[in-house]
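Note that the chains are named A, B, C and D in the order they appear, and that numbering of residues resets to 1 at the start of each chain.
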Amino acid sequence: MNYQTILEDIQEEIKPLLGQGKVANYIPALGAIPISKFAMAIKTIDNKEYSVGDAEESFSIQSISKIFSFALALKELRAELWERVGKEPSGTAFNSLIQLEFEHGIPRNPFINAGALVMTDILTSTYNDPKQTLLDLVRELADNPKVNFDEVVAKSENEWGDRNRALAYFIKDFGNINNAVDEVLDLYFHQCSLSMSCLDLVRAFSCLANAGKTVGANKVIISERQTKRINSLLMTCGTYDAVGDFAYRVGLPGKSGVGGGIVAIMPGHFVISVWSPGLNESGNSLVGTKALELFTTKTKTSIF
Amino acid sequence: MNYQTILEDIQEEIKPLLGQGKVANYIPALGAIPISKFAMAIKTIDNKEYSVGDAEESFSIQSISKIFSFALALKELRAELWERVGKEPSGTAFNSLIQLEFEHGIPRNPFINAGALVMTDILTSTYNDPKQTLLDLVRELADNPKVNFDEVVAKSENEWGDRNRALAYFIKDFGNINNAVDEVLDLYFHQCSLSMSCLDLVRAFSCLANAGKTVGANKVIISERQTKRINSLLMTCGTYDAVGDFAYRVGLPGKSGVGGGIVAIMPGHFVISVWSPGLNESGNSLVGTKALELFTTKTKTSIF
Amino acid sequence: MNYQTILEDIQEEIKPLLGQGKVANYIPALGAIPISKFAMAIKTIDNKEYSVGDAEESFSIQSISKIFSFALALKELRAELWERVGKEPSGTAFNSLIQLEFEHGIPRNPFINAGALVMTDILTSTYNDPKQTLLDLVRELADNPKVNFDEVVAKSENEWGDRNRALAYFIKDFGNINNAVDEVLDLYFHQCSLSMSCLDLVRAFSCLANAGKTVGANKVIISERQTKRINSLLMTCGTYDAVGDFAYRVGLPGKSGVGGGIVAIMPGHFVISVWSPGLNESGNSLVGTKALELFTTKTKTSIF
Amino acid sequence: MNYQTILEDIQEEIKPLLGQGKVANYIPALGAIPISKFAMAIKTIDNKEYSVGDAEESFSIQSISKIFSFALALKELRAELWERVGKEPSGTAFNSLIQLEFEHGIPRNPFINAGALVMTDILTSTYNDPKQTLLDLVRELADNPKVNFDEVVAKSENEWGDRNRALAYFIKDFGNINNAVDEVLDLYFHQCSLSMSCLDLVRAFSCLANAGKTVGANKVIISERQTKRINSLLMTCGTYDAVGDFAYRVGLPGKSGVGGGIVAIMPGHFVISVWSPGLNESGNSLVGTKALELFTTKTKTSIF
């Protein structure tokens, strides 16, 4: 199977769709990205890389970063983690407070905003300088010392962050956030602002396709068991209130961000990423989802 | 990998757990089943079968039957089906009416009761004798002409069926059920009452592991694409409000029933079934879930 | 204060509004009523009556009938009644099932459909021929032996009664309806179909302004204490999800029906009724609410 | 009717109940109040006052203060106010965020916390020194220049104010709070901390029984129309999720606070207040509610 040719075919095929969807504009910094941007990248577990489009251009990975903070929290707390966050799909929008009230401050899973805030609270309690620890990890995983937070985006997130602030105080009121809300949000907004390219992403998440070890350096990042757990959670909770649709169309565990990026994993085979800023109604990249669907259809790839 | 030995090891290992959980007692006919029952069966796509325990003893498959009616409706309506039912996990209990009200009578997915009722309404509109059509299909798939409805269970379901009756009238009020409620419920209660053994089940669902073709006879039941879609829906919606936990622990798409049965699929490899009537808090077989978890751990099987 | 002149002024003033709103059309029998109909009537506790418009023309009183069944149930069960129904406003639409699920089949109050169904279940358990008992009471209260059920409306309610059927089966599933749903609904649909004029209504409810005794015959219908309780419940729960707006604009306890009728009570002084079939968004008579607001403003009447 | 004797009888009658209920302990400053405290006071519109118990001892009036801020906001914004807050009972707990999410940041009424926060936002936008303006008004109404904020309570509210902070950021995210959340909360927490006695309260609210004019000085505070509107809102929304029960038992519009105070109004006749710190399950004073019920029963007082 020639992945490079397939990516190029997809790039051609999705061209008429570029411009569809809506660029996230809840913060000005994101709204300014041209909707026509497009990139895809693949990294296989035998260490081959393929890409098309602006695959080395960095963009705001936003909620994709929730995998990093969840993985770190899981390494640190292990089974105890599940006293503070659930593993079930929420069935509601990513920033809803309703379920949180019914379930007394225990977020449904680590990939909705509420759950990610609890993860950042855990990291804040665990590390002296959690922002630096997170950044060091991401740089190591992506094998790219230039990966960085985008301070303009982080500041913009903070300015327009009243909903997340409401979530954090709500959870704190239930006793499931232990640190000062401003501190937790500072880490959260920075994590969301991580600026990475499609190639950075497939490198950074190669361990999820490779039983927990980085492809190339073969360094153990997480256990094989934890890898499966992350992938299963991505499958059932990774794409907001469209997990069923994503599982149905793409057939791989994945995580999206409102910056227009998506990462998906074919365990034992490869990691694939895509970037296109126009979002569909569920807040997932419209062209990105289509491109992944084309890829798994053309390559007959699916975990199912 | 010697599946037979592994099944026997599991049978030994779960012995201390038999008796835990709670046998479904919402209808008298189910409450009478001894909690100590246990069986497992596997059928591989190279047509080998393995089993332990009471694997030829029939039990009430209950919600597992929702796969049959969904598959039939999908064959008949194809894309149009999705105007009448969603593909997302519900995040709430299997028989909740709340989401249905917010979403104006379109059930979240075909595997919660509301969704299954819409499937049976579709079958009622499509076939002259839907009960017979369904039974013929199941018998053919299981390669067992003796598979039958359990009329005692069906009658008991009907007697204690006020919640399902409420669901059906509610959906009908929204215009998403077209036939008489009594007729739809008659099919639904009979479908739930299907009496099958663990071996029947792995045979009947072998096509889901085999790209839509029955193992052995190699008959095309559904398309390869439809097979993936069913498996992906089972993954995200097959085990009530515990799909995350099931994906996390077992790592395979599956469907449970309150009769204590569970079926799970490893696409391209095998179908596995288990039966143990004691249920956990989510309404899934407690020992059955544990047995499947042991199996995928011992065999290092997972789609992730 | 010359009530007759005031009623005539109001009749003149609301003329430009006639035709606004929407006639209830969930059942064909109601949809056929001309939207231009208008009537008002008053009966004071010193036994004087005033009226304008079609005040002797009968219309479908619909939910206004819930006062009769609640009053009967309260007489029969007294304090025990409150184990089966609440006394709080629901904050949601009159036919919602959501709250009912959260609160395990105990309706919020006797004036939403769910609560009224529980009242009719109580009457069904209490009387040999509950329809006749109810009718006898209403005829006696209205001092009009011609008051009757409208069988065409009752039949139409039954035909289009899937939502109420869903409610009834849902409550029965929670154990708060003891009789056959069809029997309970038969009484409920007949009660809703009661056909009465504005004058019938002020006569029938005169006891609510007169400490429980009928005006004229001075017959004790309910105790003084029960009278206050009914009026307080009408104030907080009588007009669907617009009780605050009604209290604010009209300032009297009252009950509306989707037939366009409203009854309001000024304790110690009078009962007033109005009929105009066009409904506002909350399902209350648009012109009727306006007419009552004009009346209480012009007469400086208010319980506040 | 000798009000003084009746108050003394009630004081005697409720003695066995003192100690029941639970003193609010969500902030330490409130938890320290002895549960045995009791006081009642009445002021009639012919300017007579009666009282029993610690009627001159100040306590934290908490949510009773919401009447002051609502009245001020209503005076300032008039009809426009209703674009920012509803007039309907909420049907849920006083500090719930659920309804707020469904209704996009428009609180159900001015007496739940969310609504009161919007009122304080309006006052913050309107006045240069809103805390002082509010205090001046309350002192004038109570005819007591010593009425003051309790800074210890206000500070404690702030320390334990995460739920209110969550509410405020949530509303701000929907665009219904215009000022900085810290500023709005500062006013809100101070308002809640107002320390007043039972006699202060009946004097301060005498205008609500007297068509908007203070009793004694006869100064117009609000219009007659606004007075009715406030009373009607107190009736349908003044006592959290127990408005039906309060209307049913006490039969007067009223407002309670978690400090154990309750104020109730008999329009055209008197204002009555009670203080007893033990709360019932709805967060209203247990003994206070009972005392008011005894009063309206003994005096046959009720608006119904």
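The rule is short, and it goes like this: a residue touches a chain if its C-beta (ideal position, glycine included) is under 8 Å from a C-beta of that chain, and two chains touch if they have at least 3 such contacts.
Given the structure is predicted, the values throughout are model-derived calculations rather than measurements.
Engineer: Test of understanding: which option in B-C, A-D or C-D shares over half of the contact pairs of A-B, residue numbers taken as the match?
Structural biologist: Most of the contact pairs in A-B are shared with C-D.
Engineer: If you take the mean of the Cα atoms for each chain, which one ends up farthest from chain D?
Structural biologist: It is B whose centre lies farthest from that of chain D.
Engineer: Please work out the Cα centroid separation of chain B and chain C, and write it as a whole number of Å.
Structural biologist: 47
Engineer: Give, as an integer number of Å, the spacing between the C-alpha centres of chain C and chain A.
Structural biologist: 55
Engineer: From the C-alpha centre of chain C to that of chain D, how far is it in Å?
Structural biologist: Whole-Å distance between the two chain centres: 32.
Engineer: By the touch rule stated above, which residues of chain B touch at least two different other chains?
Structural biologist: If we look for residues of chain B contacting two or more partner chains, we find none.
Engineer: Which chain B residues qualify as touching chain A in the complex?
Structural biologist: Contact set of chain B toward chain A: 86-92, 99, 108-109, 227-229, 231-233, 235-237, 241-245, 247-248, 251, 253, 267, 302-304.
Engineer: Which bits of chain B are touching chain C when the two form their complex?
Structural biologist: 96-98, 101-102, 162-163, 165-170, 172-173, 181
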